[in-house]
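Notes follow the structure.
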Amino acid sequence: MKLLEPMFRWDAVEALVGDAARLQGMLDFEAALARAEAKAGVITAAAAAAIAASCRAELLDAAQIARAAAGAGNVAIPLVRELTAIVEKRDAEAARFVHWGATSQDAIDTGFVLQLRAVFGHVDAELERLGDALAALAEKHRGTPTVARTWMQQALPTTFGLKAAGWLDATDRQRDRLEALRAVALVLQFGGAAGTLAALGTKGMEVARALGEELDLAVPAVPWHAHRDRMVEVAAWFGSLAGTLGKIARDVALLMQTEVAEAFEPAGEARGGSSTMPHKRNPVSSAAALAAATRVPGLVGTMLSAMVQENERGLGGWQAEWETLPEIIGLTAGALHHLTNAIAGLEVDAAKMAENIELTHGLIFSEAAQMALGPALGRLAAHDLVQAATTRAKTEQRHLRDVLADDPAVTRHVSKADLTRLFDPAQYLGSAQQMIDAVLGAHAAGSHSARSGGS
Amino acid sequence: MKLLEPMFRWDAVEALVGDAARLQGMLDFEAALARAEAKAGVITAAAAAAIAASCRAELLDAAQIARAAAGAGNVAIPLVRELTAIVEKRDAEAARFVHWGATSQDAIDTGFVLQLRAVFGHVDAELERLGDALAALAEKHRGTPTVARTWMQQALPTTFGLKAAGWLDATDRQRDRLEALRAVALVLQFGGAAGTLAALGTKGMEVARALGEELDLAVPAVPWHAHRDRMVEVAAWFGSLAGTLGKIARDVALLMQTEVAEAFEPAGEARGGSSTMPHKRNPVSSAAALAAATRVPGLVGTMLSAMVQENERGLGGWQAEWETLPEIIGLTAGALHHLTNAIAGLEVDAAKMAENIELTHGLIFSEAAQMALGPALGRLAAHDLVQAATTRAKTEQRHLRDVLADDPAVTRHVSKADLTRLFDPAQYLGSAQQMIDAVLGAHAAGSHSARSGGS
Amino acid sequence: MKLLEPMFRWDAVEALVGDAARLQGMLDFEAALARAEAKAGVITAAAAAAIAASCRAELLDAAQIARAAAGAGNVAIPLVRELTAIVEKRDAEAARFVHWGATSQDAIDTGFVLQLRAVFGHVDAELERLGDALAALAEKHRGTPTVARTWMQQALPTTFGLKAAGWLDATDRQRDRLEALRAVALVLQFGGAAGTLAALGTKGMEVARALGEELDLAVPAVPWHAHRDRMVEVAAWFGSLAGTLGKIARDVALLMQTEVAEAFEPAGEARGGSSTMPHKRNPVSSAAALAAATRVPGLVGTMLSAMVQENERGLGGWQAEWETLPEIIGLTAGALHHLTNAIAGLEVDAAKMAENIELTHGLIFSEAAQMALGPALGRLAAHDLVQAATTRAKTEQRHLRDVLADDPAVTRHVSKADLTRLFDPAQYLGSAQQMIDAVLGAHAAGSHSARSGGS
Amino acid sequence: MKLLEPMFRWDAVEALVGDAARLQGMLDFEAALARAEAKAGVITAAAAAAIAASCRAELLDAAQIARAAAGAGNVAIPLVRELTAIVEKRDAEAARFVHWGATSQDAIDTGFVLQLRAVFGHVDAELERLGDALAALAEKHRGTPTVARTWMQQALPTTFGLKAAGWLDATDRQRDRLEALRAVALVLQFGGAAGTLAALGTKGMEVARALGEELDLAVPAVPWHAHRDRMVEVAAWFGSLAGTLGKIARDVALLMQTEVAEAFEPAGEARGGSSTMPHKRNPVSSAAALAAATRVPGLVGTMLSAMVQENERGLGGWQAEWETLPEIIGLTAGALHHLTNAIAGLEVDAAKMAENIELTHGLIFSEAAQMALGPALGRLAAHDLVQAATTRAKTEQRHLRDVLADDPAVTRHVSKADLTRLFDPAQYLGSAQQMIDAVLGAHAAGSHSARSGGS
């Protein structure tokens, strides 16, 4: 285990993008290739069986493959060599057909696509868990008044449920995208050394189709060896997800500030505490998500830079992907997992939220006051009157409500109770409830179209 | 005109992402908002008419807005102020309803979405032009032998048509994605100062729906002020496109090398020539596309970094998008336009391709020879024989064909004509024709499913 | 003026990296080249005079150069052509010697180096202004208690002066680096078409030295056409400066939060205010600096990516620099200028700082209490006693001081006055004053060695 | 060993940035802290001895620290806890003084600085090895004619030695920078929880100075917890080095192309070969360097993005550095090591270089011809005559020399021998030898000033 792994990663996904999974992914390709070629009559069923039976990562000497890869230029060459030796012990004739007609990149890319499929499953389930936790917050706090902040300044009242609904809608959009990503990314790579499948003579496409079926992967019209837009789309999706998670984490960290203190990551044994600073409750999960949101953008940029690959197989660009894409996935999945845990246990302090609403002594209600007094006083008069009262409230450091209560122009038309109600945040929430309903409805339905609009 | 604009940009798109278009986009939002509010009975039809009639960029003092924006923090605030003054001259009452219930970000984001829609139209048409040019190359050169290169080394024979088909398939995938992108990106932003539409009382969603209809934009469940995944998806798509274009450009530049000389950007008056170096033909369009492919990844990374936006409206992150996304679009569209021109006039030297195939004195055919001699000599014997001949050919610097022709083990089974045929690249192309057919068929059909696989 | 320019840029520097400055930079190279060649006897003094007299940007048709550059591949080719035509009108013979022996990149790179020198002067002066403003804050508030925050949580007491001293030290380090950068970056580019100065026969180095003297630039051992580490160092320095500015801006924005309210950007006509939200005071300058800190990293990454330039002159990489480096400079200089203005007028609320120190009801003093009670109670007893009191304070929501005052084990040894003093932040500041002195001393001395340590 | 490690990394440096080195770096800090505090009379010599004796990484349970770090938020907290337990077994009293007065970041940052120092040593030595190998190439091939290429097109003659000298000068500049970097980066981090060293009372600076002496690190005026420019400078230097290496690698890969074939990475057992494609010689080391040059820029961007750290200790930004900077170092050091091996064994084919010079049939000599015929024919006449001959040579596909030899206007003044000499690349090399001398001289002297100019 790497020292920083538990802090930034999710072990379930880490296993899927690690070295053993990488080797097994390639072996799964080799096994399926042998079976497909047997189906197409290119090799014998016996050879295919011998090859397939040998395609188990634990039979390989990973350290030896790693060393040999440095000279060979990729891991598939020594892997095929080792595999061939293993098959040979079983069936010398079969050994001649290991990797038949394929090129290293066919094994490496397809193997990685198989890893991706497993990753997608885990990430999708975790996104669902995050969405459900957010939906619960949105529902529970749909009426909990809090203050909306823009430019890191208090702006106007809103509800904590609407804030959570905003987080949820973004999370669900990412999940919708993941669905679409499967069709793009879960595609076979198979072209042979020159991308023509020449070594298979006239049987190339037949083998390709059988191989696609074996692996349950779509078969593209043409190999995509040096065209990396599929992998870039995977990277960009994870990058966008990391950004969404980072945004939520930033919000949580801001809410956890000592001076704000409105919501908190769950406490736990040795989570974010400090023995010398007993008042602290560090947003440890948010920090992990923010670190990921800081790191992943540059890695996605790398994937984009690496797209400029030469001719039929690139030099430098393709190699640059090998560790970068797993890193993107690992960091983002880690952020997802840690943040989901934090959101699932988020502690919300509604009383403190209410208290903070009062910090500006009613000034965040000046727009509300203006709108509310309009009908009684006339729109223009209401505007001017509130502006003046606002200035007085700031200068005299009094509550805007009290300043207004002192003004006969106000009290002539508005009762004290009505005036008090003006400064009730629940009275100035506009369409917040409808918005929350729309988000929760779409989440419950799992419906993409509801999410992206199109009502 | 900026000094480097014609070199890197496409004027048609540059106009759509420029300052005037930005102002007009916001004004289109303001006009539509007024009309929608009139429809919902929030303001009078007269006020809406007065406002809408004033929403023309040429009426504004852009320099004054620019100056004022520095203090205000965004351009919408001074724009609304200027617009209000203009409306006031027309109808003082109407002036009070300019921007009614909206926040700056509503105008800025929605305005940009409207710009995006226009950009998408142009870019889609240019992608079609590029695709058609590539399809023509793929068709014309479907049988033109050339050498596939991996690691920047000659590998095996292929056809230039298959290379073009690979470029085409990638281009068409990008076009498919653009189609999907419309649904994600062409969405209204409308939430008011706190994202609740509070200033519109109970009429918020009604106005939102009417506004969406006015602008023909989808209405989201909840405003997306601080959730930027939509814009990031736009950025990532352009980034991926820039990568695809850069890959094609790199290939063209490699083919244009003096020592390779297989394909050339079209010559033209003062295009890439040099008076002191008359033999040069510089790949000027490819350079523009490669420069874009170098620049755009970092900009996409910026968009991802900028996603971590605070609370209900970010500080720094949102502002970072304002010039970055137009830059991404402008550079990519420029690369697309320049490269499309280059591809549309690409000069292909099939004779030189044939000549280059001979550079290794037959060694690139050693796999082919092995496969072809197999039936006659037995697979293992063929393998060993060709390996030995290959070594001799390299040592003696002779053509592999001649070395084989000297070998009685070969001539016993293979006629001279058959031997010659072995070294005909057209005989070792595997499934190239089927692949080209599949790509061209999908291009002609415009069919996404054919592209991503799913046979 | 571009719409967003005043918000993000500093006009003084913008002028130095703009199109006119770019053209004049190249013309200054051409004029100096002619003079140097006359000095070396390569061309006549008369020719040099005619050329030098024509090297004025206002004589050129910039739009025509821009258009022609798109075909030529760089701006120097059409510029030289235009310049030649201008010289020709003056002196037909001289016209033949325009740009004599040079290549486009010589003019473009050296011209940019000349622009850089002017930029460095402005930026250095502004860094001095920022440093002086920070030094004044550090001095004035050297004893102003405030709370240090880690993980965005209150940690322990510090002084606002120490915070300012930290900002200052970082700013001064950047200024030190700028000094070193001059030697690296202010270097002539001069190699002719192949980097050998072949067209000047045996006089190449003599002309190079004279040219270096003319322009007051160092002459490198060998041209650096395709080796871009000098320009990358410039980019990286600006990138690091943008980060330092972003860090200060983030701190200011955090301090300006409604709930924290400890320091504020200066108010001004129409600066960061909102008519509908009269309580808001948006950190507009900080937002500009944060936007720059978000944008510049990706651009520096682009400069690094662009280093991989082919052979004796790159294709795509060099072109990618042309707009990127000026963008890096413009954004960072803008951030510097805006933030300097904000810091120079920063309003500090020492009373609110003192108030915020009390928010945890003494808990941020628990380490201090432990240390202070140690001598009286014994170290271990003090530790256990304070831990217990801390827990009680949290549970009972009382001030730690009051909990301790209730404890006979404490009052037996410590007077009420001493207990009160324990919770005086001024009593727990460690080496803060010495640190402030060290930073201010180094700032006053302008001494690098003092800054980087080594006392 | 990670699967891709030998391909991309250098084991010697990998060990220095790995987990064990990270733990030991922190332990070295803790040991030195104890000794420094004993020296300053803060703790007893016995306590210091007990602590120092326990500071050995092999005593720790790294996996347990890794797990605990996830909850604690950094690795120093559980490390200190484990260390304390270990010391306790030795000396219970001493255990209370482990990490006395320090904060986690003091240990983490200083520990990493210690790792850096070791890395710098290795990298400097390898840079020297690379420089020496390049100097040998520059010397040996100072007169080997080859063609300079711009825009990936043949331009004019140069020598391979000058190309190598350009690589060398860039490499030596990077080495000069490394020297300067030591002063910036090898600096103590020590400030305690709030950056004031408050827990050490009046002894803070005394301990700091003693600690600096213990570790042989400079002591800064003020802690730099949230000011990360030092680490960013380290990152940027490695980034620039990766770019320089990538540029050299790209050149090597271009020269190794089948069609160019002028220089080759050394062959070796299983290096870059292919059994099915016996003619291939893949540039495996160059690919590693190019992959690094593709990956490192985004990582440097991450370090820059991460500079925006909050208050006295950041949240997300600092954490983002922990794996990123070691990754930058590891990838760049790997590229350096692999490329140095390739350059040290580079095979140069001077005959093929001479052959390639002839590819344009003399056209790359048209500038040379013009210059050479000038004295005999008059400058203008020479220019026009060569232009016309050039056109004829291209149209008729003849050698420019033969076209000129047919022209009586030429033969009247120029003998056949002189005409032949015109097309001798050795006659048109300008200042190449002086440049090579200057670079080699500076390399031999190790002198910075000679490198950056200023002669």
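First chain written, first letter: the chains are A, B, C and D, and each begins at residue 1.
Please note the rule applied: a contact is a pair of C-beta atoms (placed from the backbone, for glycine too) under 8 Å apart; a residue touches a chain by one contact, two chains touch by 3 or more.
The structure displayed is predicted, hence computed values, not measured ones.
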Chain labels contacting chain B and also chain C: A, D
More contacts between chains, C-D or A-C: C-D
Whole-Å gap between the CA centroids of chain C and chain D: 24
Distance from chain C to chain A - Cα centre to Cα centre, in angstrom: 33
Residues of chain D engaged with two or more neighbouring chains: 73, 149-152, 155-156, 193, 246, 249-250, 253-254, 272, 276-277, 282-283, 287, 290, 293-294, 297-298, 300-302, 305, 315, 367
Category of the chain touch graph - line, ring, star, complete, other: complete
In the complex with chain B, residue positions of chain A that touch it: 73, 96, 148-152, 155-158, 162-163, 165-167, 169-170, 173-174, 177, 180, 183-184, 187-188, 192-202, 204-205, 208-209, 212, 217-224, 226-230, 232-233, 236, 239-240, 242-244, 246-247, 249-251, 254, 290, 293-294, 296-298, 300-305, 307-313, 315, 367-368, 371, 379-380, 428-432, 434-436, 438-439, 441-442, 450-455
Chain B residues within the chain D interface of the complex: 149-156, 253-254, 256-260, 272, 276-283, 287, 297-298, 301, 305, 356, 359-360, 363-364, 366-367, 387, 390-391, 394
Chain A-touching residues of chain D, taken from the complex the two chains share: 1-8, 19, 22-23, 62-63, 65-75, 193, 246, 249-250, 253, 268-272, 276-277, 282-284, 286-291, 293-295, 297-302, 305-306, 315-317, 319-320, 322-324
